[in-house]
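Next come two complexes built around chain A: one with chain B, the other with chain C.
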Partner chain A sequence: MLPLREGREPATALSNSSLLSSYQAPGHTDMSKIVEIDGVSKIYGGSVVAVDDLTLAIKEGEFVTLLGPSGCGKTTLLRMLAGFESPDRGIIRLAGEDVTSRPPYRRDVNMVFQDYALFPHLSVAKNVAFGLERQRLDRTEIGRRVADALSLVGLADKAERRPHELSGGQRQRVALARAIVRRPKVLLLDEPLSALDANLREAMQVELKHLHEKLGLTFVMVTHDQTEALVMSDRIVLMKDGRIAQMGEPAELYNRPASPYVASFIGTTNLLPVEVRSVADGRAVVALGGRNLELPAPAGLVAGHAALLGIRPEKLRLETDGTVGACQISVAVEEGLFHGNAVRLRCLGEDGSVLLVDLQLSQSSIAVPARGSRLQLSCDPTDLYLFAGDDR
Partner chain B sequence: MSFARTSALDRIGTGTFTLVILCVLSFLYVPIVILVVFSFNDSSSLTWPLGGFTWGWYEKLFSNRDLLRAIGNSFYVATFATILTLLVGVPAAFALDRLDFVGKRVFRRLVLLPLVLPGIITGISMLNLFKLMGIGLSLETVVLGHATALISIVVTQVYARLQRLNRRLEEAAADLGAKPWETMFLVVLPNIKSALIGSALLSFTLSFDEIPVTFFLTGRDNTLPMYIWSTMRRGITPEINAVGTLIVLASLLLIVVSVILLRDEQER
Partner chain C sequence: MFAGQASPVLPVGRRWSRDRLLRNLVLGTPLVWAVVFMFIPYLIIFTYSFWLKKYPTFVPAFQFGNYAQLFADPQYYQVLLRTAKIALAVSLSSLLLAYPFAYYLVFILKSPRLRLMLYMAVIAPLWVSYLLRAYIWKTILGNEGVINSFLVYVGILDRPTDIFLYNQFSMVLTLTYIFIPFMVMPIYTALEKIPRNLIEASKDLGVGPLGTLFKVIVPLSLPGIFAGMTFAFCLTFGDFVAPFLVGGPDGVMVANVITSQYGAALNWPLGSALAIVMLIIVLGIIELSDRVERAGRINLA
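== the complex of A and B ==
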């Protein structure tokens, strides 16, 4: 565990985070925006578009996660921030300064590498001191800051060890200490937890989050793990094919996904094909289970066309008392997977579509429904979201 | 059960194995032991039985001007051939590893050629070249001749090590504010140290006892192997044994030094 001292209140990021989702980088500069990515594109080999005209602003002290499947451009974007890759188009600003064509060694950012990239020929203390020595600080200052950084990550007693003598988790901490000891404007984290085993990874998620709150630095992390992103970030930037699919607070992406892609990448979502009956005044009427439902209409929804209705498995409830809710679905249980605190039912709707249902087993009165039994499910219309088109 | 038999077989196996190792070791080292023993033998003929103990051959050696000059020449040639090889070979290895240039594959194959080419061919061809260019033969032409043959060793060793080097280390160094030259001297070179020291030692040794190329390219100066070879016409003298013993001693020292220098890296 990181020996986190009693620190000051979590830095600005958390308390302001509701404002952040509206930040889009404009043409002008703003000091509170520590990173501005303005219309940046990166094309490999003349044809492979890794990052496509992407614009993003990151506020000072924020913990932003670039999330997406492999090949979505998130790592390329991070490497462009570090200066290892240069954009083919667009501008990157750091604290208001254009750093687009600046080499990595003249940028005030530091990176925690996926494989840690510790210098094998140097001791732990020398690894951490490396960046400070490049700044030509005096030796007592370097010694003090190295000791501080190492005790912050709980490795004060390992200063004279070589990296190969440490465990994976300890190496991770050295990499972290080496990157934060320079107090960079932005800390870049490239899949920092992917090399750790599951238990350690979960513990480190919390530690990293605490470290962020304690240091008040801006963190930009790349991951393909949605749980990691949900747990740690102030804001998630979900990417697809080099573009931003959606960005916002974790809860916003989870509860109000902008597209079927977002809905199914973050958490699990049932996507049911429905027919749009009518659209008027921003409201749409769709048919579900033989009943008409009125829901807020997304842009591009056309009456008579197909649409997708999304609902999270845990938002579906068992209809037990016979009262009829606003929306009802009757299904047949195909399979039940027992998870201890919950059971996930795989059900078939009347039209043959698959529906996942999570039932909390907190009340012992609820029995796990038997295979083949018919269930009446209900849900709140506010938990439903409509997507135009039937493209998942 | 079969435990007793297994252990009996084990003992036989271990015994045979030990015997084989002893044979190999004696095959390798008995000639050297004989060389060392005869260098202290109080008789000018190399025959059994041994006479008394003497330092005489060493005293003779250190008063033999020609021999000492030959040893000096050999050190001069080996040292400068090694330096020249490193100066040309290391950048060439970096170019092969990092740069993309036309004819890179051909270059990678061609650089190996001097290593497999017989020394006589290298010697004759370079002799022709120097004659054409009107360069007189001297120890310096020997240095050039050795360096061409040895560059392939440095290039292949250093290139192989660079291929295994994690490029993220260099990115990490740059990320931490190291300018390119700082990354080179503080991160890259320390991490390919073993290949640098190894190929330097190998180059030095190979240059030190090289005869064919030296034979063609030297002027009036003799190197140690050339001197030994030329005195052989008058038969082996115990004096040569003394030189040999000193060289064995120096080689042992070199091995110890290189083990100490490379110890850090082997721990990984």
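== the complex of A and C ==
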């Protein structure tokens, strides 16, 4: 939907100066790190730790998503990048410059606010021009940049409207245009799609991703929606209690979760308690469904203790032809939820644990199992992951 | 309207008429009150304004002599101009005092308790007798007053001066003090309604605190400013106690002239004409401010 005619801008005066400043910054070696968060903590009211000794580097041009449940500190971290909050400890560097104690109006970052925060007394064009009027630009240059930004988000014909005359999606685009028109070093997005309805949200996810590719800007987005994070980001930083639970590419977090918390926050995961039989040479033997399984052992796993075994619902298969897989689980179907292209079965294992199974219905040969029927499930050992702790 | 629509589903007309009676009572009582105690008196004054002054009293008539006299005799239109000047001075000075105060309460003060206390400190004098509040300034500004005593005590003055009292300055000061709550209240409400993220957005876009004040906060609080200015202007315009207590010979305002026409001068027709002119001016200002406010009304939702 976005008419993305404009390619990546050639080096402008702005990006030249940013380059210069990173040269001048002492102790700054890695040019590609546009944001450096170094040991940052934020404590509210003397006791509530919102962000806890967090260190994170963001590369230039990267799309990083801060993901986590409410209260995990992701919004506080974003607001510290914007300058609305100041860290109690630690340093924030932007293009190599220490900006920790700089007010928001002296930082080369711009934010797309959750509820857009458009100025109700100004037209769309004036909203977009708001931040340009402080930069020493002449009127024609401001007009040109505003028109460019508005056509980039497909709102060229709405320039003279007031924000309250626009739909939610259009306001979102104005907020976006207003934030990118100043060509910031980093674009911050605070739950940018949360106020949109489901269909529009999906369309905007793709548009934002394309916009990121076109502009080549660094995007830092905050969201609690894991699907959004998986779809849009180059890298996800999953947070918990003010710390980073795991960070990496979306596929990495999905396929190799570092903890039960990550496994259950990103996608759906069955977590089965298992007993560790032995641990040796980085391999562990655990008991599952009366059979022993050998799996790569995570750090901290102790023989004789309980551990958690994770498996995604879609990685479980039905044993139909009687062949015996590497690992087997027998379950009883409790409930089947029809999803159109798949059916999600809620099953009970022999030990009473709940197991979710996703069956793709693309092959017409698969019939939806009836309630109460007993199933033999199998899976690949490579799709299983073992967790030492019970950190959910 | 509601009762009328609902009537077909109700069993009989009895309930309907009782509903209507109740509704008419609720709506009618204030209406009757306004008609009996406001419209009729104004109407009487309006008719008086056409009557003829005939020594020693006045007689019914229909002529515009009283109005003509108001605009022909400089004594009268100058008092109107002076009243407008003082009203403007009072509304501007209370705006200049009230806006920073309300701004401080809303945006700078962190403690909600302290905010409430300071807000109440401004509003509380409204519960003290108006006369008393005006009289207080006599004891502050007067010959034997606090300021004079202090200045003589520290040796700046040899003997008390009377420059503080009985002039337009003392009137503007007193009226500003009396009407400032009416300025603080609407401005405070307007500022409180401004979403905080608009201020953050402004700063995020590189605009510092001062720019944010003039480009975001002031434009969005204009309704409060207009409301406060209208209150202060109209209340001052009709005031007659402050000129009486702290105003001097150059501090006579319209209301004082009206009082004297009804009293010592015994010229009710002229006093009535003046009252009607004053009413028209005040209504005009209210209408004007209402229009400006409506034109600039902004949807903050």
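In this section, the second predicted complex is superposed on the first by the 365 of 392 C-alpha atoms of A that agree within 3 Å, B and C clash if a C-alpha of one lies under 4 Å from a C-alpha of the other, contacts with A are read in each partner's own complex, and residues count from 1 in each chain.
The working rule: contacts are C-beta pairs under 8 Å (C-beta built on N, C-alpha and C of every residue); 3 or more make two chains touch, one makes a residue touch a chain.
For clarity, every value in this text was computed on a predicted model and none was experimentally measured.
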Fit-or-clash call for chain B and chain C when the two complexes are aligned on chain A: clash
Chain B versus chain C as contact partner of A:134, first or second or both or neither: both
Overlap of the chain B and chain C footprints on chain A, listed as residue numbers: 82-84, 103-106, 109-111, 113, 115, 117-121, 130-131, 134-135, 164, 178, 182
Chain A - residues contacting chain B, complex: 82-84, 103-106, 109-111, 113, 115, 117-121, 130-131, 134-135, 162, 164, 178-179, 182
Contacting residues of chain C [partner chain A, same complex]: 195, 197-198, 200-208, 211, 215-216, 219-220, 296, 298-301
Contact set on chain A toward chain C in their complex: 82-84, 103-106, 109-111, 113-115, 117-121, 130-131, 134-135, 164, 178, 182
Residues of chain B touching chain A in the complex: 166, 168-169, 171-180, 182, 186-187, 190-191, 193, 264-265, 267-268
